[in-house]
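Given below, in the form of structure tokens, are the structures.
The two complexes that follow have chain A in common; it is paired with chain B in the first and with chain C in the second.
Our next item is the complex of A and B:
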């Protein structure tokens, strides 16, 4: 059977989709990582996540246009920039929000408002047209992995994503501040009562979350093709799908979610392309109903 | 005079009377129609979010389902508009029934799953593979039943029924039970409230309101794309309007629509980015400084707001 051309074609296509899905999946993990960290630590839903990613993408675009900066350099720069900008934003919004009756629900609306503000400012400053960074800014040509050929830009983006994931792991499990962060994630009130400065820990996590969103944005022109001020909404939905599949509030579960999402997306693209856009939503609902806490989650469901 | 009757006289009658009289003196009928639709949707969000605390982030799914329920009946079965409207409401309630398992989720999980459900329905309806049935991405055209004045009157009737429902919830044991569930579901269950049943009734009523409004929207505009009937703005606007005025009241969502949708129509059309900016700031300010809405300013002073 396998010797027939058709079967070879199918096996090859499936193999391509699997490896490609793995590469894309790593990038999707990076997209979801920051959102999940913020939800995990603060229990607030950053609906403006995709818009921060968009800002990171535009920062990289202008850095390349005017300074010919390599996206790798831009990534380091925007991470630092967004992490710093996150501090005043955190102290302006979050402590006040957390005093409300139902912060989780209200955060959805608050950050929707922020998302509108960012989108409006971006549209006013950058216009509505589509932008892109040429692939040669990052790397030229294809690269062979396991006998399949992929653009080098994909591989580098996936590599950066892997570095970011490892970085988050080290932060959470190998540093003192990460230890405190995990304490806040497990039980906020108890963390307060043991004397942890919850707002400082949260502000750092918020900064890292926004920084990661911006880094994901730097590679968006290569992975998501074009960037526009209005791209944030779709990115936010995709991020939610990824982190809900993994587990809401568990940053490392995001990797599993990202890879599962990436692989199934690539397979659907290849064999059922007209329905591929339906996939994220159905997967999201199915996973939520079967395991509301995500594939790697503990039982955290209430009432 | 019982409070229920007082609320009907103080809110329902004037609102409907003004909206019924306006078309004679104001020529932009589409705008008036949109006001009616948003008042209905804001009250629909009020029923589910204000009274039970579940934020329906995919509320537009019911609206779009209603619009398509109406359109399919008219296009394929040549049903008369009012019969098609009944199907629109029923279709939205069916979707609501289908989504009841989402109530196993809480907080943000529910909202996100609801959003995903709405987007999934949109993807199905607008799929090119279903073009012979739904028109796919090319939308629907219902010029055969086009009758804007009749549609406007019907929308007003739906709004009147919706207001009556919210007034009932505001003044009845059932409405109180819903609010008790919102505050603490376990204590409410201990007090003898059938939590699951009450939530599902509120959810289906909320779906019905959006479905009927969606059906009458399809009837009024008669030519639209799937993306129009399912656009996220319907959800967002309805939620923000309801919150701005104050949820779990009758008057709050009405005030929200009149003020915010009024502002939108004065500056939103000519300079959309600047409107978006102001709107975003307004939403953030609202959540941070007035999370219980405009009417809470009055309630804090001990004034009973309908």
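Our next item is the complex of A and C:
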């Protein structure tokens, strides 16, 4: 029975979706990583996260159009650029926000407004049409992985995501500023009382968060295929799904959330395509019902 | 007797005065419309909207449009709102145009998704909906006179040249197994149903070996391409909006998969946009509709295609909105509306509908023949099936394939 062509096709199809979902999900880990780092350190909800990603995508688009810049080079450039731009933005917005009675709620309103402003300015500047970077700018053709064929652009994007995840791990667990960052994540007030410069630590985390969003944007044309000024809203919603599945405030939980999102999405595309866009949210509800703090929620409290 | 006569005369005088009031020309005609400056449908909405505005600005520069009911030219005023590609927002704004702004003419946003919410609202308010490009077949029914489709053929007949090619010429070329993937919205869902019906009814030995509807928001096609490959088709039909086509064609190029024949809608309708995003190489040998922005219809009303293209690039020189099929559609809406206003007995909505019926079959614009059936659905010029082939200069050009009487070349099958 198992050796019949139909059974072989079903097994092959499932395997393709699982491996593809893993690769696709790694990219979504990158998308959520910056958002979760910012939430973990500052407890502010950056609703403009997807819009920073969009700006990173357009930066890479123009870098390719006018300078024929490789997306890898663009990724390094936009990370540095957005991380630097994040500092004045942080000091202009966040310290005052954190003095409010309910900074989380206020941050939602503030960053929603920022999102609208960025989207409107981007629409005026870039127009409403779809844009993208040719696949050949990154790689041409497919690549075989575990006997299945996937676009090289996906594999490279997933590889960059993996590097970013490892980088964040090393930053958090192998550097002094990383230790301080984790201290602020665990208890901000206690960190202040021990003499940690929480604003400096937070500003760096904010910079890394926006930098990672911009890097994710550089690879958006290859993973999401089109970029538009309005894409940010959907990206922000997906990012939240990913980080809530993994665990809010735990950047490394984002990896698990991203992979679960990617795998469930692609398995659903194979077997029940009409519901594909809904399934990740059903997974979100299911995870929250079983583990309200997300899949890695407990580890956060122990951090 | 005298008092009765006096009463009768007074009534006649009052009626006459009433008629005079009714015939008093308004200072302006309010066109109410929506557009999407952002979101999924921005790329098909903005060209239509800007095309309509171009027409309106031209008319206002000439003093307005001639309205037969008042025997004079009346300036046009556009009341426009941004629905941001959101159907809920669009529904609210359509209501606002009718009940608050009290527009004289209601014009829907582009595409079936954003038109779908306008159809019941217009009908409930007994307001004629000028449907620019919403081609979903279920919008049109014999008991609803409050809709007229202007610029595109209704989706239930639009893909007939494609289906006829597959069933008439396909078997001779070796096309027997067809795969169809479509976005589940009124526009492409109806086209998919029509292809299914035409192919099945033809009994030409062509079968659909893969037939799947997917969410319109889909941007990742890798799994679907893998599934289609497994079905081993001789031809693949992808029916989606511009964003879907871009994502599908890019995924296809990145995955290295190749099909002997591939049909998609927007490489023909928005060629500039698709070429910008997919590249000429990615569009080579793709089958598509040959739109009015490529066919040189000889219009008997309005500008020629060349004149219109020049006017478009002069008015919108920044190139942020591409010239294509949809930009022609918006301008066509204006032209057909202008003709109808020149025919209507009043601005009453049913009189306006009668005026469109009167124009039907007698008006040829750069979009071809305007002709509607009893339900208001557009049945004029069908877009022929064509194929994009290399033009030898690094770009692509259209070759009309089917019907044979309009063909300018033979299909390249299988694609090299």
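Note that in this section the second predicted complex is superposed on the first by the 298 of 303 C-alpha atoms of A that agree within 3 Å, B and C clash if a C-alpha of one lies under 4 Å from a C-alpha of the other, contacts with A are read in each partner's own complex, and residues count from 1 in each chain.
Note that a residue touches a chain if its C-beta (ideal position, glycine included) is under 8 Å from a C-beta of that chain, and two chains touch if they have at least 3 such contacts.
All values reported here derive from a predicted model rather than from experimental measurement.
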Open item on the list: Do chain B and chain C fit side by side on chain A in the superposed arrangement, or is it a clash?
Closed with: clash
Open item on the list: With both complexes superposed on chain A, which partner does A:119 reach: first (chain B), second (chain C), both or neither?
Closed with: both
- [ ] Classify the contacts of A:266 with the two partner chains as first (chain B alone), second (chain C alone), both, or neither.
- [x] second
Open item on the list: Tell me the contact category for A:45 with respect to chain B and chain C: first, second, both or neither.
Closed with: first
- [ ] Considering only touches as defined above, state whether A:141 meets chain B (first), chain C (second), both or neither.
- [x] second
Open item on the list: Looking at A:13 after the superposition, I want to know if it touches chain B, chain C, both of them or none. Which is it: first, second, both, neither?
Closed with: second
Open item on the list: Output check: A:193 vs chain B and chain C. Expected answer is one of first, second, both, neither. What do you get?
Closed with: neither
TODO: Would you check which partner chain A:68 touches, where first means chain B only, second means chain C only, and both and neither mean what they say?
DONE: neither
- [ ] Give one of first, second, both or neither to describe whether A:127 is in contact with chain B, with chain C, with both, or with none.
- [x] second
TODO: Would you check which partner chain A:151 touches, where first means chain B only, second means chain C only, and both and neither mean what they say?
DONE: second
Task: Steric overlap of chain B with chain C in the superposed model, located at which of 167-175, 221-229 or 257-265 - done: 221-229
Task: Touching both chain C and chain B, counted on chain A across the two superposed complexes - done: 119, 123, 274, 277
Task: List of chain B residues in touch with chain A within their complex - done: 53, 55, 57, 101-102, 104-109, 111-113, 115-117, 119-120, 123-124, 127-129, 185-186, 232, 236, 239-240, 243, 273-274, 276-277, 279-284, 286-288, 291
Task: chain A contact footprint on chain C (complex, rising order) - done: 36-39, 42-43, 45-46, 84-85, 184, 212-215, 217-220, 222-224, 226-227, 230, 242-243, 246-247, 250-251, 253-256, 273, 276-277, 279, 318, 320-322
Task: For the chain A and chain B complex, residues of the former touching the latter - done: 39, 45, 93, 96-97, 100-102, 104-110, 112-121, 123-124, 233, 237, 240-241, 244, 248, 274-275, 277-278, 280-282, 284-285, 288-289, 292, 301-303
Open item on the list: Applying the document's contact rule, which stretches of chain A touch chain C when the two form their complex?
Closed with: 9, 13, 16-17, 20, 24, 119, 123, 126-132, 134-135, 141-142, 149-154, 222-226, 228-230, 234, 265-266, 269-270, 273-274, 276-277
